[in-house]
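Got some structures for you, see below.
What follows is chain A paired twice: with chain B in the first complex and chain C in the second.
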Partner chain A sequence: MLSRVASSLYWMSRYIERAENVARLLDVNLQLLLDFRSLDDEKLRAHWMPIVQTTGDQESFVQQHQRATAAAVADFMVFRQENPNSIVSSICQARENARMVRDQITIEMWEELNRLYLFMLSPQARQRWQDSPTDFFNEIKAGSLQLVGLSYATHIHNEGWWFSEAGRFIERADKTSRILDLRYHTLPARGLPKVVNQTDALEWSAVLRSCSGWDAFKSSYGAEVHPRHVAEFLLLNEDFPRSIRFCVERLNDALRKISGVSDRRFSNDAEKLCGRLAAELQFATVEEVFNAGLHDYIDQIQLKLNQIGNELFKVYIFHAFDPGGAEHFVQQEEQQQQA
Partner chain B sequence: MTAVAKTEPTGLNLDGAANNGFFDEMFGRDGSAAGHYRKLRDTFSQISSDDFKTKRNSVDLAFLRQGVTFNVYGDSRGTERVFPFDLVPRIIPAKEWELIERGLVQRITALNLFLHDIYHEQRILKDGVVPAHYVLSGKHFRREFVNFAVPKDIYIHICGTDLIRDDQGNYLVLEDNGRCPSGVSYVLENRRAMKRTFRNMFEQVGVRPVEHYPQELLKSLQHIAPAGVAEPTIALLTPGAHNSAYFEHTYLARQMGIEIVEGRDLFVREEHVFMRTTKGLKPVHVIYRRIDDDYLDPTVFRRDSMLGVPGLIQAYRAGNVSLANSIGTGIADDKVMYYFVPRMIGYYLDQKPILPNVPTYLASEEADLKYILANLDRLVVKAANESGGYGMLMGPKATKEEIAEFRKRIIAEPRNYIAQPMISLSTHPTYVDGGFEGRHVDLRPFILCGEKTVIVPGGLTRVALRKGSLVVNSSQGGGSKDTWVLYGDE
Partner chain C sequence: MKLEILHRTHYAYAAPVRESYNELHLQPVSNEQQTVDSFLLKILPSTRLKHYHDFYSNCVHHFDLPEPHSTLTIESNLRVTTHKIAGLPPEARPAAADQLKEALQVGRCYDFIQASRYVDTSPEVWRLAVDAIGDERDVWQQSLRLMAFVHSHITYQSNSTQVHTHTREVLAQRRGVCQDFSHLMLSLCRSLKIPALYVSGYLATEIASATHAWMEVFIPGHGWQPLDPTHNCQPDETYVKIAVGRDYADVAPIRGSYKGTTERTMDVTVRIERLPG
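Up next, the complex of A and B:
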């Protein structure tokens, strides 16, 4: 398979997953606000800034907005094209990548992604958003999940498909880790929190709901929400499809499928690092995690995920892309006469 | 309003497009529908206008959903547009198509012989049939490739020839596109849309299929595989996702089951071309390139090309990779060469042209130049090496300033201009604003040269949607129609 094609399939899924996770995060947090009485600027800031941080764009947000109101955050993270991680940007990027490999994906996938793209750029999107943010976010989530399903059920499970799986799970692991990290400022730097009040409990359940994990969590731990259990569930659960362990194991599978090397050995650094991280999550306990500090632990995971992604590109897509002269490149592409 | 006579058909009525003063594809001068359109007329009369509206919307929506679009340049957002599609098909009876087909085969045969000749013995130049200086001064004449043998002696493998009809209904050749003709994906997509929309009509009317184009194209590409390569790897080389025809590139690659590559995906080592894959380098034997000559190889042509592949030309010269179309075909697209095609047909084939040219004046011939300058307000002036409706003056519709500007340009660079009388193109009933009116159309059939010369029946009918406009290019308000070539004459 062409390296460029592998790269596009990887990024296509990754951006779709990103759009979905931003939708999840915003939806739950907007709903959560309804449970609180009026918040002053300072409190709003404390609520929303960690959410802006999950997409890593704190600086550009602060530059553009004085107050972290729900409307400002949502606009920045949903419709702002200049924000490279906004939902609209992610969907545009996913589609652009799909367009570059139009011949490699199924017509069903292409049409659904194109539909989602046309919807995001249409006035109806804003209208839907104004009428009901939850309906709007559901539409984004449904679009993404539809694509996951179509990819699974219509796309041949060949090498390219595994690249797209790798992209999806590396992104999902990263986003789950960021969602779990949302409330770290309410936790002690090391060790378990002593008291958990009702506000905390509400916020931690919002974290779970961001990951569609509320029902699964309840059946394992009961209705009482303690950060220790939430962390254990989202970090270490073997079977929950959005837990970090689950995602890393799927990523590991994908890497093995791509290379054909068994999981008892490794043939490149991506496999080595991913195998290690999977083993680490398999044999960790939540007590150890809190002793090390949840925030620091999550930081380490994100770092490792980045390294795996980089190594994956080094091995399979080494020639990558010319970072400079992109504009010039576009110009020449356009100049080719197609009489 | 309700007092419509009971015998009147309640459905669509195409007759409103009759008698518009031009040669119409469907209606005679007396306003009666030609025999080969009668079944269409009858079927349309059974369709209510609401139903038609629904059909139109669903086709438009399907094109948008499928991303059957072309890219519009100079517009950072919403850069993709659906190529407007008109649901009234253009119909060509068997006997007309037979003439077109023979004419096109004759023409492409002559053009390929001409290209071979000017890149080898140059007999036609030595015999003075085509003045040598016109060829040698051609912007797209590649002197570096003189005496280079292209595989199977085929230069133009894929040609898109634009045909128009004059006020008597004669088919004339307007131009040959022997570099990277585009539009065939719309031929295929339009047909698919029509089949979905008017399922029953096809059998009744008896329409010849077009769906085999990708297989035929693949065969012509396989035909030129380097010697000794039994199972060639074929790739379509695209400039990339920002090119106007990118949709077509991915479409054709997918239909043929070949790789679509960009320049950066290819790599040349020891005069062999490889693709960069996740499993390492894989050899490539035939490249269907949709990139201009100038950009193919930065070590030979434009140094600043980021789309090409360094070393590609060397591999081509060594015979390790074949290109379609061959390098140097651009000279045949030169509008000055167009003038000489009828002479080429006489010279190489000893035949009369079956499809005549539009009368043409060469600005670099003294007598012609005089005539052109004296009649700028009545002529169409074209730059010799532009396409897509660019670099053109439509005398009768131009302002004084535009005419003055072209006068200057022509005098400064006569070799670069030709002029033709304004041909009114035929009209065709087309849906506009709730009714049917005549709009001007042309026809671009696609000709494939491999072991045999194959022309998929029909081609792209482009229609100028603006009233009175003669410009059918997608970049300038054009749309398209499905083209039906019939098994019979009615």
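Up next, the complex of A and C:
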């Protein structure tokens, strides 16, 4: 397959996953604000800026908006096309990439993605958002989940599909790590927090609900929300589909399926780094994570995921230009048929 | 006859080479004459093997090795059971030569009367063929006479030719190996418009160090009949067919290219063992 086709499939599913995760983030945090009695600028900033920071767009937000109100942040992260990480930008990019590989994806996938795109650019989107933000975000999430389902159920599981799986899981791991990192300023730099007050517990459960993990968490850990358990659940749980370990393991599978090499070996740097990261997550304990500092640990994971993404592109999509040197195209020696 | 065949090719390069792309014709067909019981292909350094079926229904494997490597080993392990199939008896006179015209419209014969990369149908070859068949008018008898002619006209001598030798060079020096014997036979048959194809395979003798080559002629009403010009005989169940084509270029066991040094060595091992049963 052409490398630009692989790249488009990868970015298409990566952008769809990004849109869904931003929607989750905003939805839960909007609901959280309803629980607070008094909101002043300081509280608003403390609440919203980490969210803006997760997408790394703090500077451009500060340039364009005065106060970090819910409306301002939501507008910035949902509807602003100038923000490359906003929901509308992600959906536009996903559609653009899908348009380039329309012959590879099924017609149902294209129609759903197109419908989502047209919805986002229509006045109905703003209207729905004003009427009920939760419904608006549910619309985005439902669209994205339908695309994930269509991809899994109707897209032939060939090499191209594994590239889109790789994009999806690398993005999901990255965004989950950012969601987990949201409340790091309430944690001590090293070691587990001693006391968890009610506000903190509420905020940590908001983190869980961002990832649709509240029910699964409750069944594993009970209703007491301690950051130790939340971190263990979202980082190291091997069965929860949005945990970072799960995503990295699926990414590992996808890379292996693309190259055909077995799990126990690697044939390029992306597989090497991904195998290492998967092994680290398989054999880490949550105490070690907090002793290193949750924020630092998550930073490292994000760096490694970036590296894996870059290596993936270097191996399959960007062919390094070779000035040549003393190298020619040589024909392999052939055997004469003699017996 | 049950046979177990190991075919290993080992390339060693003076410096690491990269971007190696190779196609293999190593998997034998299963037909009435032989049943492939098991076939295993191994490549080192390990890489993903893909395969497709080419225009002549041969199973072609292919793989690539983009990363630097200093050696390449391609090994096939084959277990095959060959069956005795009665071919045309040597005295038969099944088809007159003028029946060839109709035969050419049936089945895939067009490719096999044209010249190909190593086989030509020049006037000199045609004259040799006409002299060899004499006044024979039956296609099968003509083929047998051509085979006898090739066997007597060319001397078998290893290392007298190389893998890309063309038929006209073989005719000029009158020496060659089985690949050249078969190419010359194809040349003669095709110049008389007898459809003839090239077969690559193994011959189970005590000393086998490479693959063997023979050919098949098309006899109207009796299909493709195998002939071995190197030994002037009809192939029996000691012959294992791998692939067919117009000439060596279509069935080369290993063909490919890579980027790197031209200094390299190739070692080929073929071991054929007869199994009981």
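The rule is simple: the second predicted complex is superposed on the first by the 318 of 339 C-alpha atoms of A that agree within 3 Å, B and C clash if a C-alpha of one lies under 4 Å from a C-alpha of the other, contacts with A are read in each partner's own complex, and residues count from 1 in each chain.
Please note the rule applied: a residue touches a chain if its C-beta (ideal position, glycine included) is under 8 Å from a C-beta of that chain, and two chains touch if they have at least 3 such contacts.
In this text, all values refer to a predicted model and were calculated from it rather than measured experimentally.
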item	value
First, second, both or neither for A:Val261, with chain B first and chain C second	second
Most chain A residues touched (candidates chain B, chain C)	B
Which of chain B and chain C A:Asp103 touches, first, second, both or neither	first
Partner chain in contact with A:Leu118 - chain B first, chain C second, else both or neither	first
Footprint overlap on chain A, where chain B in one structure and chain C in the other make contact	328-330, 332-339
Chain A - residues contacting chain C, complex	259-261, 265, 267-268, 326-339
List of chain C residues in touch with chain A within their complex	9, 11, 17, 20, 22, 46-48, 67, 158, 161-164, 177-179, 182, 200, 202-203, 205, 208-213, 248, 252-262, 264, 266, 268, 270
Sites on chain A touched by chain B in the complex	1-4, 6, 96, 99-100, 102-103, 107, 110-111, 114-115, 118, 121, 159, 163, 258, 316-317, 319, 321-322, 325, 328-330, 332-339
Residue ranges of chain B touching chain A (in the complex, touch as defined)	64-67, 71, 73, 78, 160, 177, 179-182, 239-248, 250-251, 253-254, 259-262, 264-265, 275-279, 290-292, 295, 304-307, 333, 387-388
